[in-house]
Amino acid sequence: MSKHVEKSRIAVLGASGYTGAELLRILARHPQATIAALTADRRAGEGVETVFPHLGSLGLPGLVRIEEVDFSNIDTVFCCLPHGETQATVASLPAHLKVIDLSADFRLTDPALYAEWYGKPHQAEALQKEAVYGLTELARDAIAKARLVACPGCYPTSALLPLVPLLEAGLIDAENIVIDSKSGVTGAGRAPREEGLYGEVAEGIHAYGVGRHRHAPEIEQALGLAAGGRVMVSFTPHLVPMNRGILSTIYVRLGKNADAGDLRGALQKRYGKETFVQVVADGVLPSTRHVRGSNQCRIGVFPDRQPDRAILVSALDNLVKGASGQAVQNFNLVSGIAESTGLEQAPLFP
Amino acid sequence: MSKHVEKSRIAVLGASGYTGAELLRILARHPQATIAALTADRRAGEGVETVFPHLGSLGLPGLVRIEEVDFSNIDTVFCCLPHGETQATVASLPAHLKVIDLSADFRLTDPALYAEWYGKPHQAEALQKEAVYGLTELARDAIAKARLVACPGCYPTSALLPLVPLLEAGLIDAENIVIDSKSGVTGAGRAPREEGLYGEVAEGIHAYGVGRHRHAPEIEQALGLAAGGRVMVSFTPHLVPMNRGILSTIYVRLGKNADAGDLRGALQKRYGKETFVQVVADGVLPSTRHVRGSNQCRIGVFPDRQPDRAILVSALDNLVKGASGQAVQNFNLVSGIAESTGLEQAPLFP
Amino acid sequence: MSKHVEKSRIAVLGASGYTGAELLRILARHPQATIAALTADRRAGEGVETVFPHLGSLGLPGLVRIEEVDFSNIDTVFCCLPHGETQATVASLPAHLKVIDLSADFRLTDPALYAEWYGKPHQAEALQKEAVYGLTELARDAIAKARLVACPGCYPTSALLPLVPLLEAGLIDAENIVIDSKSGVTGAGRAPREEGLYGEVAEGIHAYGVGRHRHAPEIEQALGLAAGGRVMVSFTPHLVPMNRGILSTIYVRLGKNADAGDLRGALQKRYGKETFVQVVADGVLPSTRHVRGSNQCRIGVFPDRQPDRAILVSALDNLVKGASGQAVQNFNLVSGIAESTGLEQAPLFP
Amino acid sequence: MSKHVEKSRIAVLGASGYTGAELLRILARHPQATIAALTADRRAGEGVETVFPHLGSLGLPGLVRIEEVDFSNIDTVFCCLPHGETQATVASLPAHLKVIDLSADFRLTDPALYAEWYGKPHQAEALQKEAVYGLTELARDAIAKARLVACPGCYPTSALLPLVPLLEAGLIDAENIVIDSKSGVTGAGRAPREEGLYGEVAEGIHAYGVGRHRHAPEIEQALGLAAGGRVMVSFTPHLVPMNRGILSTIYVRLGKNADAGDLRGALQKRYGKETFVQVVADGVLPSTRHVRGSNQCRIGVFPDRQPDRAILVSALDNLVKGASGQAVQNFNLVSGIAESTGLEQAPLFP
């Protein structure tokens, strides 16, 4: 690595949650990034060793309030703030900063759609327009030129990676798409609440947000672009007793004359040279266990018993490819660094 | 309870697996059953206290080989033998016995369909014809008169309880049914195998048997009867890191002029007086946690975002309503005992 | 059961936590109890079906504030209120009520010791003096005559059942007792807090309260009575990723001429006829799995490699024998009902 | 890193188990190692992608039988073979190879002690004499010169790191040591067996090998060297429902005039500059969650309530610092590579 490349100086806003911790885990070992500031309003004044004991020996800066950060000294900001709060904060940041945002605030491009799903008008419509939707493998060029990247949600990443190439190729019907997703608990964040307690989660499974989860319009927005028209999907998320992982089982109707082999072929063609997306061999079952802690997404294609249908299965780690890993991937692109830098770690199994 | 009622004398064949243990747990406290014989070929000669320490203080008989049982002394046999083995065993039993079978051997009524899915002809076609499919709430009268009851599979029970009444009422389309099921690990039995180890199951989820699970024809057989014609479904089972429970998320297209409220109404009408099937209130999310250890099945009905579609969610304990509990329910019917006897236990949560 | 026996009318105070739910599960099926009132200040006005969906079909009364209860109509109160709050509430209850208290408020008999560990003087010293420590198998006669029973903590129950008979018999040294306990998460209650989230508990283990847990003086109080002098133990609790269960591994030095067989013999003699305490056979390993959901306590005795030492292992369900089950056992005694009534349920495994 | 340093060529014998997988995960990213050969007798002929799908994209060689390996091309062998099998295999390897052994075969130095605990004479006594016990932080110089390193067991590593410096300093009594250890399931390996199934492990805890686990003599051997005389400990391992991690809670009697602060000071002095061993701050509770996937060992020191006693708690990942990570640490030493190379990865939490 050339010594002439200066390390990018990073601030992580909202560093006390799970996506924040995951960013720190990755960035602390990233050869071209320096973690220069961490913020967490509720825990300002604490050291990383009390908020995340497992990261305590990495020599990271202490947590401060966002007002205390000297941004003149920062190149890139990772935003892990709550949905709704992020837009005003990003709008207030100095213009020289590149922003990798992990919230939902800049994912929907249509102000009306945003208002419909979030119950109030967007507070930074110019930024909303400027933001690039950061599904890395499918938007590399735009991301590389972006100043503000809206990283996709974890569920949308797991649905869009398999579906977008197939819709673009006309291999599947844009109607009749059913996305049944199963997520680990870290997707719900670290804020204390009864329904997140071990006793309420372990040894059981349930669906939530049935018919009305906010990731549905995000998925449909990207599918609509791929299909060249409005797409509406059935999408149901489920909570599974595991820390990490999303498995999406996707039921599609085949396009004319297409079969499951064609779908597999199209995905292999699209992702064959990718580092982080793998179309698994025929008959192999993608499992979230096999991507844990890594930036991988594994995709399987299966014929359904109904001859005109097929089933897609995708597996990723919601905190990595579904959040902080993809964010670092985008940071690398934005910063002109090799895309996989800092993300080479193999999955941790068991 | 009148003392004139004699207790039914029970033999459990294949008592060393999880469904066997669950039968013992229930029957040991059943006021009108006496456990008179237990068999388990591989563990013959052992006491229950070594095979299932948690049942060791119930005073149960020791495990013997099936040849050692004096069936003249038995009224009813519960069969928990492996698929394929059961048919010959049942065929060899004395004719006075009532048989509650938990295997798949007598679930498919069409010999050709059986041969197609199990790879060899059925060995007891007369019994196959005689057997009554024991989905209790939907076949009470036939079960009460049966000598041989084929208890439904765990996945089929979770799919059929919500779907059959809706198909019968013409409220949903018989095509376009997607059943995405998630099961705990005990459904896979107690035989040692690498993929069942804690390290291979905990903290992850995966699909299996995608497009070709043997419960699909069983589901379709019952749905076909309800719809009055051939039905083919998309069905995908998943393995979830939990001991017990099945959650099925079912995506349907509505019949003409029907909406989700109509579906809810039809199910409430059908199950409103049932002890073990509950249509949960609007907005309540069925969870497997809330049925653990009980014979309950909880069903929720949700409008989909797509106006012509709805989503059904059912939750049950695969070892109870999905196996041994429903078996006892059927035993009660067959024996003229009040149907809920021995099954009143409330769920264990957390 | 004679129909002349009237059912006892029960109020459960603090019914929205885990011990409350467990009481409801047991009492709803108890043939000689009627649940007449439930209180839960924060959730007053809600029905049981929203607080505990798994109990929603049992026909239980709704939750009210404690002020709304007409105690003239109640025979026995189960108190599941927080430590510190209970003493004033119990002092304010009408005198005709029998009280089964599950808090720590009346466990320590010495006011000075209470003040030392809880940081303030006891507010109801007369009741503190009156209360009977309800370790059922070791205090039956006193409990049967009591008006106020202080049910033991979950850790103390697991430690005292094996230790008290051995100290009384002089078979072990009153010094050199090390109690290493491992508990499931429900012992920490249902209040939302970061450290109770699934993500903070699953897939890990840690000790807590090392050298200073409040159950230590409770254990020592009972051991002191058994040994006839002051006893001080080393006691460390640990949090294990499981919902239910306590396993205590207890390291003792043998008394003169005693060996592990003598310990086993003494425990067998003491507990041989007990319904809920079992000394397991030589070589059998007590496991919390084998008592889940039941009122059982299983105790094993093992020789240590050091010839003058032995190791005791006890397993129980912290919500049943460690809390609500033992409370019902005590209720039965206090009410003149057969002691095991309502508690016959076999363990749920897996 | 100078390009003149040639990479070490590695063979992993017994690569299809969990410690094998963990070695591959670490070594595949190790900048100075090349994985040249993998053996696994039962799975010879398979590719890594079928045995360990999560490692399938790392470009590793396929699995072969040990006879098929050309060792002339190998510099270092990692041995992950079963206990008892290893000694003959190592004895048969060409003399130019350095051997990092993860089995128990070369840990005990006394042939009589080995025969006593393993039931037969050692088959390679010369090697047994030559082997260096590889507890890295406490035997660096000897390891660096060794040809055959016997990596410590997971339990011994967790017990010896805190205890050895304290015994050497005379700060604790060599008698009266109680080691209560709790381990995740991967320590039991990947071979299929009923007691390892998810249903037999999840949601419960039990002790095993009480009073007679083979790691006891290994612990005592090292403690004896530290104390300068024979040491005998009470040691009980437990199985916890988690994939990875060992927590050891160690009860000690203080030496004359010593207190817990002295113990903490001695450990801080010994480990203050170590990369992989951390004495956590006063009051911090070591947790296995905070070392998952890393080579860290965290040690806490606590005063006991009994004034003459203290409690030590250590936490490590049994597959990393307790096995494959420490093995790589030793490989680095043996190979003259910086000791932490390949082991810098931060823990994965949650």
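The first chain written gets the first letter, and so on, giving A, B, C and D; residue counts start at 1 in each chain.
Criterion: contacts are C-beta pairs under 8 Å (C-beta built on N, C-alpha and C of every residue); 3 or more make two chains touch, one makes a residue touch a chain.
Predicted model only: the values in this text are computed from it and were never measured.
> Let me check something: if the centre of a chain is the mean of its CA atoms, which chain is farthest from chain C?
A
> A-D versus A-C: which interface comes out with more C-beta contact pairs?
Pair with the higher count of C-beta contacts: A-D.
> Between chain A and chain B, what is the gap in Å from one C-alpha centre to the other?
39
> Mind checking the centre-to-centre distance between chain A and chain D? Centres are C-alpha means, answer in whole Å.
36
> For chain A versus chain C, what separation do you get between their C-alpha means, in angstrom?
46
> Among the residues of chain B, which ones contact at least 2 other chains?
18, 186, 199-200, 202-203, 241-244, 287, 289-290, 292, 350
> Which residues, counting only chain D, touch chain B once they are in their complex?
18, 185-186, 190-194, 196-203, 241-243
> Going by the contact rule set out above, which residues of chain B touch chain C in the complex?
Contact set of chain B toward chain C: 18, 21, 24-25, 28-29, 49, 52-55, 57-58, 186, 202-203, 243-244, 278, 280-281, 284, 287, 289-294, 296, 344-350.
> Where on chain B is chain A touching in the complex?
That would be residues 176, 178, 180, 182, 184, 199-200, 202-208, 210-212, 216, 232-236, 238, 240-245, 247, 249, 251, 285-290, 292, 300, 302-306, 309, 311, 313, 315, 350 of chain B.
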